[in-house]
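Both complexes shown next keep chain A, but they swap its partner, so chain B is in the first and chain C is in the second.
Up next is the complex of A and B:
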């Protein structure tokens, strides 16, 4: 109950800054639209297939990417690294009797919901005006599992970003690390191109990273492209990555919080 | 004892670069580090309900000490115990009994009224509804901010924000309160209001309060006991009144003359600090003050004479300048 109340209080903060949410959403909106336009032109206005994929399949992917990109991608590293550690706001969290990992996790969900809501509105508008461009699963069990995968995808994204954020305890500018990870994330997460368009060997390599499980597979789950077995496998791998990154966080946090000086670093 | 500090040290390693371009190139390969002793082997203890003032110049180690005591910083060595806990373990039972208020840092949500932050703290500290209502009601009344509760924090004045910060920090009625420069940047009226509040709070709740401030008036009005700290070491720990006796090497003879006397003649008695006829202030050695007073009365046309202790602020300034000089 305590965490539910805290969650709703953070919701108020996110509502108060809804304008900021909308601007961030526009960034998430424009990228997939750009890629969609590119593929639309490349397939001769959607007439041809690309590596066996129809325009309908690709467009569904990118429209779902708008929702997933705004809803599932945590930006915790910015709060943790920049505001909390560099600017000393961590002081407020360290001296309160609540889990730092937990409260940051909770406090970001309202932002993801609000930005995701903008994405869902765009998705439904697209579906209304261009119904032949979008395909979603109609199987209820797939939907339920896809919903679980969506939630775990956010949790995984958060787990990765928290680890990047706490690197600010040691790095005088952790933004370089953010950029490097982002490059991998964009490619391996399927932000630029759906991973099924990659050669098999590249696909196998990126499958060993956490990134496809925080974006690519959740989208495929909603498209109905994964069997039940693959859906459960995805959930299992997501859980493993989450536990792994949480363990890394615990180690870094234990060492890093001893480095913290409580002033701008 | 509520707080026990035994040979506490907090040292930092800082990188020292040689000046100029060559210094930058050299630092790519060889880096020199030096250890800064922010706090060095300090020891003291504090009883329940005491209100202690920490005095010291910038960089003396006051804030570092408070941060170590609250659990924010991990000490390099030494032992600290607050309310029976080791602060850096940051156990929830410990954190529920303390609060650290830093004048230059804030915990309030900027775009929402302060009341929402109070509610957040209510949930975090798991305060029952009834207790929350009573505590907030009391604090709001004491600080006179009822009208401002629903106003967005960004629209409050600095003083009003500081009051809200205090309420947010005190919602869980901490047994130990660390106040770091709570009146910094406030005008004199607001400073006095906050001072009065801290005094009342200390008396009402019997909370143990540790206060650092650049304003001597804060310490003079609030603390009976002071800890003077400089370069990370404690110079004095005791009653504020005794501080003057211990460190002031001189006294001031405040004289009202009947007739004009040349300044040179008065300097036979001591150093003339000010001379605005008929008033003269003469600085004499503490041990010679009685003899100097007799001499004045015997040799000069004196209407009135007082032997006074120097101002505490001057004494402290002298202590630090002698030590740093």
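Up next is the complex of A and C:
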């Protein structure tokens, strides 16, 4: 019950800042639209295929990326690394009888729900104006599994970002690390180009990172491009990554909280 | 004292102030060395990201919208150069301006015995972002060579003039948008949207032309910030494009100045 109350308090805060949320959402909106425009123009208005993929498949991918980008990207590292550790506000959280991992997880969800709402509205608008450009799965079991993959994708994104955030215990300025990870995340997560358009050897390499499982595969799941076996395999790999990053967080947290001085930098 | 002499003295004064600001920024950079290294890494990463993303997009297509793959990469290189300069000189100030308006602290800039717009726009330098310029020049040299581009002294001068107009265009665009924060201070994250919008200029205008007319008219002046310098290199420049870039820059700049004077009259200093 305590965590539900905390969640609603954070939701009130996020809702009060809905204008700011909308501006954040614009960033998530503009990039997929830009890439969609690129492919639309490159295929002469969707007339040709792109290396065997139809424009319908590509456009569905980018329209779903708008929803996924606004819902599944955690920014926990900014709160943890900058506001809590760098500015010395972590002390308040250390004194509270609640899980630090859990409270940050809850504080982020309302922002994702509000921005995701904007994403869904835009997706339906796109569906209305470009109905022949969107294809989604109609199989109910695929939808249920895709929903699970969506939730796990957010949890995985959060798990990765928390580990980056706690690196601020040792790094005076951790922004360099954040930017490098973000760059890899954008490429390996399929933000620029769907990974199936990558050369095979690059696709194999990025498959060994957690990034495709927090963005690319959830989109493919909603597109209905994954078989049941692949959907379960995706869930399994997501769970493995989440557990792995949680274990790393535990180790770093144990060592880092001993290093923490509470002095703002 | 006659008007030209007064203008000369005024210019000297501002140059002197700017020199001081540059030296203060360098001192601050040297004092926080870990922040310097961290920022340098992130600037390099994002500079490379631009090229990696364009390589991935043009991976298997030799010609797009009438542009060869190498020409599109060259556009990205030009974008990297002028955007690196923009980030070095202006971007950090715009970020700071948004935060100061949000916190209700920008009035401290109005009290200085110097033009407030000058001081707000130029007091901070993002020196590490300058790394984008040599990276851009490197790619421009490599792909320019592949395309067999030769550049005379006159072309070089025209290229630099076009880049200056591109910079002024981007500055005026950012200023016009961010001044709206005076009425909506909490939307300080508009800066991040502007980073994304500015990135749209690294694609050929023909791409937007093929999609929608509305999009085309909104984005074409922005794409000219990279396309016009590129066409100078390709020796395919047309005077209409120069006129649009110069005209749009001048109009936007005059609007930015007028809007600045108007906006600061409405600044309430109410903090969030």
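As a convention for this text, the second predicted complex is superposed on the first by the 265 of 265 C-alpha atoms of A that agree within 3 Å, B and C clash if a C-alpha of one lies under 4 Å from a C-alpha of the other, contacts with A are read in each partner's own complex, and residues count from 1 in each chain.
Operating definition for what follows: a contact is a pair of C-beta atoms (placed from the backbone, for glycine too) under 8 Å apart; a residue touches a chain by one contact, two chains touch by 3 or more.
Everything numeric here is computed off the predicted structure, so don't read it as measured data.
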Of the two partners chain B and chain C, more of chain A gets touched by chain C
For A:6 in the superposed arrangement: first (chain B), second (chain C), both or neither? first
- Query: Looking at the overlay, does A:17 come into contact with chain B only (first), chain C only (second), both, or neither?
  - Reply: both
Discussion item. If we overlay the two complexes on their shared chain A, which of chain B and chain C does A:260 touch? Say first, second, both or neither.
Written reply: first
| request: Mind working out whether A:89 is in touch with chain B, chain C, both or neither, as first, second, both or neither? | output: first
Quiz item: Taking the superposition as given, does A:97 touch the first partner, chain B, the second, chain C, both, or neither?
Solution: first
After superposition on chain A, the chain A residues reached by both chain B and chain C are 17
Listed in rising order, chain A residues that touch chain C in their complex are 17, 19-20, 23-24, 26-27, 30-31, 34-35, 37-38, 40-42, 44-45, 51, 171-180, 183, 186-187, 192-193, 197-199
Note: in the complex, chain A contacts chain B through residues 2, 5-6, 9, 12-13, 16-17, 88-89, 91-92, 94-98, 103, 257-258, 260-262
The answer for chain C against chain A in the complex is residues 32, 34-35, 37-42, 45-46, 48-49, 52-53, 56-57, 59-61, 64-65, 184, 186-187, 189-190, 192-193, 196-197, 199-200, 203, 206-211, 215
In their shared complex, chain A is touched by residues of chain B numbered 12, 67, 70-74, 90, 92-93, 95-96, 98-100, 102, 105, 107, 109, 111-112, 116, 119-121, 123-126
